[in-house]
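Which chain is which? They are A, B, C and D, in the order written, and residues in each are numbered from 1.
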Amino acid sequence: MSTATPTAATHKDYRYAPVSFWRRYVFSTDHKIIGVQFLFSSLLFFIVGGLIALLMRTQLAWPWQEIPVLGQYIYGSTGNILSPEGYPALVTMHGTIMIFFFIIPVLSGAFGNFLIPLMVGAQDMAFPRLNMLSYWFMVPAFLVMIFGFFVEGGTAAAGWTSYVPLSALPDMVPGSGMGQTMWIISLLLVGTASTMGAINYITTIVMLRAKGMHMFRLPMTIWALFITAILVLLATPVLTSALLLLLFDRTIGTTFFLPEGGGNPLMWQHLFWFYSHPAVYIMILPAMGMASDIISCFARKPLFGYKPMVFSIMAIAGLGFIVWGHHMFQSGMNPVLGITFMTSTMMIALPSAIKTFNWLGTLWQGQIHLTAPMLNALAFVSTFVIGGLSGVFAAATPVDIFLHDTYWIVGHIHYVLFGGSLFGVFGAIQYWFPKMFGRMMNETWGKVHFILTFVSFNLVFFPMFILGAYGMPRRIADPYNYTFLSNLQGTNQFMTISAYVLALSQVILFVNFFVSLYRGRKAADNPWQANTLEWTTTSPPPLENFHALPVVYRGPYEYSSPEVEEDWLPQNRELVPAPAD
Amino acid sequence: MGGLIPGASTFAGPIDSLFMVVLIVTGVAFVLVEGILVYFLIRYRRRDGGKATYTHGDRRIELTWTIIPGLMLFGLALYQYNTWIDAKIFMPGSDALVVDVSANQFEWEATYPGGDGLMDTPDDIKAPINILHFPVNRPVIIRLTSVDVLHSFFIPALRVKQDAVPGRTIMFWFEATQQGEHDLACAELCGLGHYRMRGQVTLESQADFDAWLEDLEARSQGN
Amino acid sequence: MAKEHGKRPYIRVFVGLAVLTAIEVAVAGLALDDALRIFILLGLAAVKAALVALFYMHLRYDHRLLAVIGGFPFLLVVIMLIILMADRVIKS
Amino acid sequence: MTHTTAAEHHHTTPVWEGIKTVKFAIWLFLASEIMFFAGLIVAYISIRYSDPNWLLASELLSVPLVALNTFILIFSSVTMVLAFDSAEQGDLQKSRYLLLATAILGIVFLSIQGFEWSDLMHEGIQASTNLFGSTFYTLTGFHGAHVAIGVIWVLSVTAKAFRGGYAEDHLGIELAGLYWHFVDLVWIILFTIIYLI
């Protein structure tokens, strides 16, 4: 792959567009198809991970109860009830699937692939074949992870963080047998896939920008995906090395992480979080970028503080590499390091603050259209703030003594990941759907989905902060045999019921999505009257994206510009007299 | 949401007040952001024919909302140093009671100093599984170990949490201030029994504690 | 990347690397105080690595961006190393 | 700044500010490789310096042999770079043989290392014996794997060269070279931290 000169190949592809169904839609090298492939497979995994979450919620509300009808199908092997070892397995799979198979692939994989070439004005990725390869590394990863459910002992059950020694000793819990090994292999594949993607994205963004598309004329989405790719590129290999060491500990009897052999269990946590803290920003930055574009477009107003926005993304990424210890405050790590990590973690809130305020600045004196994408983008801002602020509590080391590994953290996770990233994704899906499939999604149902989701989301996850304040630990199958939690069952049942509602609300989205796919109103090329390049080509774009490569004359956010009477001004429209490029 | 559950140790004061401080700072930020957000949505919703104000931002505003939160956050960081140092770095002196706690799947096992009041001597006493007693108003140093996987020693009321790492003995301390019964929870996933790895903690006066210990000693001699 | 670049000091660099390696082996043999020896050896290794990167990998002649791509990770490595060394427990 | 995109230049790689796309990508790849070895090396150092009575490699392995091996790898680096250089100078014949030499030296390096491994195994040190074993085999093993990949890559380049490739575009040689030198660079560090310190 590396020695090939793919652009020659890509060029050929356009001339003789692949005819066979397989080359066109399955083993396609077209970034748009690959993006859609990522979109579908990750949404599928959202459903899987979500349904697992519902099982967890059910257990937490009515522990050890037989599930009325479905029980026999789900827990058939254990008398229609969840078994004690089943719960950690559910938690682990929920976390792993949601993070590695849903949120990262949907952000970088789906939207990264679909949007980067279109928004920078290129005909495809720099390395289309590598791009296809990256998707076809995800597929076996999916399969291996799912296969884990069927090996004896069941799936990995050491949490998505798979702390050693629990995950290193094959006989520790049922799931830490074959299932854990599957988990490792699967993540190795995911890591390889996303590294390939990262190389491709960075190269494309640096090399294949259309004429006049200076770095500081890139849309925020692209900036975010660019920095994200850099994070992936530099963080993922460390996870890979850690996973391999863990694999050796499990298989060939090394003792890197095992105290018996003089190894160091905390080493795993260091290496894991060296990847996984940057990873949490991998899971939010693209959403931030897409939200920025959506907000600016529907406020009909230039993004407030473009450069500060760019620099704060960079700052988040940079600082993201020196805060990982905030996951280890209580781990027995040298407490002096706790101080340095606490300080850096406090400071990383600053760039996020800047971004938040600039989003508000963008709304100020705008012409705000409350469309479905916009509503979701706004929900992103408002819930991300809650999630972020809850993170500041955890960053306060002394408070974290109490909050660590309680539901406070679980609440934090979901406010940033569901409230943040996922609302961003909902917004992005409905915003770019017309460009992806040439049809509009139903606006009314979009709003219905939004309102139901927004309300039930908060009803599910806000109480988690209260549970956290009560000190309810994470990853426990049955809170109520602790006396200090015994009075919390009501709260949990309320959350669980809200979770059912939340789940059903997602059905609305899926139905809307698939119905619009076939029945949706035909979409104009630029239905939102937006400025960025993807809207200057047809919906859906031709195989080569642009019939003639665009030339860029201005930044992406020239809304309500005085230069023209309509309130948008595409990046590639040449005004006469043409401004100096 | 009125702060954390009632505390029963010297840490409760500083930690809970710090929690409140953070709650206020973030609360202000929260109300500010959400308030402004909602206000803008109403105030600036689309009006036909109208055009939005054309501006790309303003350096002075950017600086203000960079510097102010920056200082707040940095201040917040400095403000916590002492509490953390006191809780995790500082160690109480000789008057402290030293107790060994060993965690395993899925039990807590405490070892108390015998008559000589010293640890690591032959007369050390093992308490029954999952039973822990501590005197109030006296610093207690726990020497925490694990025999198998990670566990975490979490007594919410005492505001203590410390992971137990196999192959290491981690020392931490607390000083209970109120008598009472509390749960010791395991806060680190340690396998299928994680949820039921519960210890019963009794905080009692020094006298009651000594009595309990003696009676324990007696019984251990008994058999 | 054109042909006009004159003869580059590839051979001289090679000699340098060889000599440095010899010195390393020698130093390793010396009965120095550990800290000092380790310091010297790491220094020598760094020089050798730099030589390879600058001349054999052409960073000295190429676009600076490539040097940044190759160099930045080392910053992270240093951070990682400092933290992990600060956090290690000496078992005796 | 002149951007050239896929469509404009059909059969040459696009160039941005004088950087060829593929070369840029290779450097990104190398950056990720650095982080991969970083994980392993940092783990090794921290484990090793947690253990005061760590047995030194020099007590188990013959440093002179490894020094020789190091020299071989360095030597293979110079043949590689000269291969690229002579190709640039237009002396393709010379370039071919230098490439071949590089690959052969790589193979020699691997076989010496293989010998060293079996030697250590006979001394009864497996990867599972102790942390020295674990770290030693892991680090040298992953490096060796990289050398092996490098050899295959260089051999394929050599084959193409002998079939008259790289007449005017030497990018292929340069890319293989970058990877080869990187592997050499990693060894320079490993040699120091495993065998000498």
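To be clear about the criterion, a residue touches a chain if its C-beta (ideal position, glycine included) is under 8 Å from a C-beta of that chain, and two chains touch if they have at least 3 such contacts.
All values reported here derive from a predicted model rather than from experimental measurement.
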item: Maximum centroid distance from subunit D, chain identifier (CA atoms); value: B
item: Whole-Å separation of chain centres (CA-atom averages), subunit C against subunit D; value: 15
item: Computed distance of Cα centres, subunit D from subunit A, in Å; value: 35
item: Subunit B and subunit D: spacing of chain centres that average the CA atoms, whole Å; value: 49
item: Euclidean distance of C-alpha centroids - subunit A vs subunit B, Å; value: 31
item: For subunit C, residues contacting two or more additional chains; value: 72-73, 76, 80, 84, 87-89, 91
item: Residues of subunit A touching at least two other chains; value: 234, 238, 262, 264, 266-267, 274, 336
item: Residue numbers of subunit B (touch at least two other chains); value: 167-168
item: Pairwise chain contacts under the document criterion; value: A-B, A-C, A-D, C-D
item: Residue numbers on subunit A that touch subunit D, as the complex places them; value: 2-5, 7-8, 10-11, 14, 121-124, 126-127, 195, 198-200, 202-203, 206-211, 213-214, 233-238, 240-242, 244-245, 248, 252-256, 261-264, 267, 271, 274, 544, 549
item: Subunit A contact footprint on subunit C (complex, rising order); value: 72-73, 76, 79-80, 83-84, 86-89, 91
item: Complex contacts: residues of subunit A adjacent to subunit C; value: 234, 238, 262, 264, 266-267, 270, 274, 321-322, 325, 333-334, 336-337
item: Residue ranges of subunit B in contact with subunit A within the complex; value: 1, 3-5, 11, 14-15, 18-19, 22-23, 25-26, 29-30, 33-34, 36-37, 40-41, 44-47, 50-58, 61-62, 65-66, 69-70, 73-74, 76-77, 80-81, 83-85, 87-89, 105, 148-150, 152, 154, 156-157, 159-163, 165-168, 170, 181-183, 185-196, 198
item: Subunit A residues touching subunit B - in the complex, by the definition given at the top; value: 83-85, 87-88, 91, 157-159, 163-166, 169, 172-174, 259-260, 265-266, 299-306, 308, 330-332, 335-336, 338-339, 342-343, 346-347, 349-350, 353-354, 356-358, 360-361, 363-370, 378, 381-382, 385-386, 389-390, 392-393, 396-399, 401-402, 404-406, 465-466, 469-471, 473-479, 481-484, 557, 559-562, 567
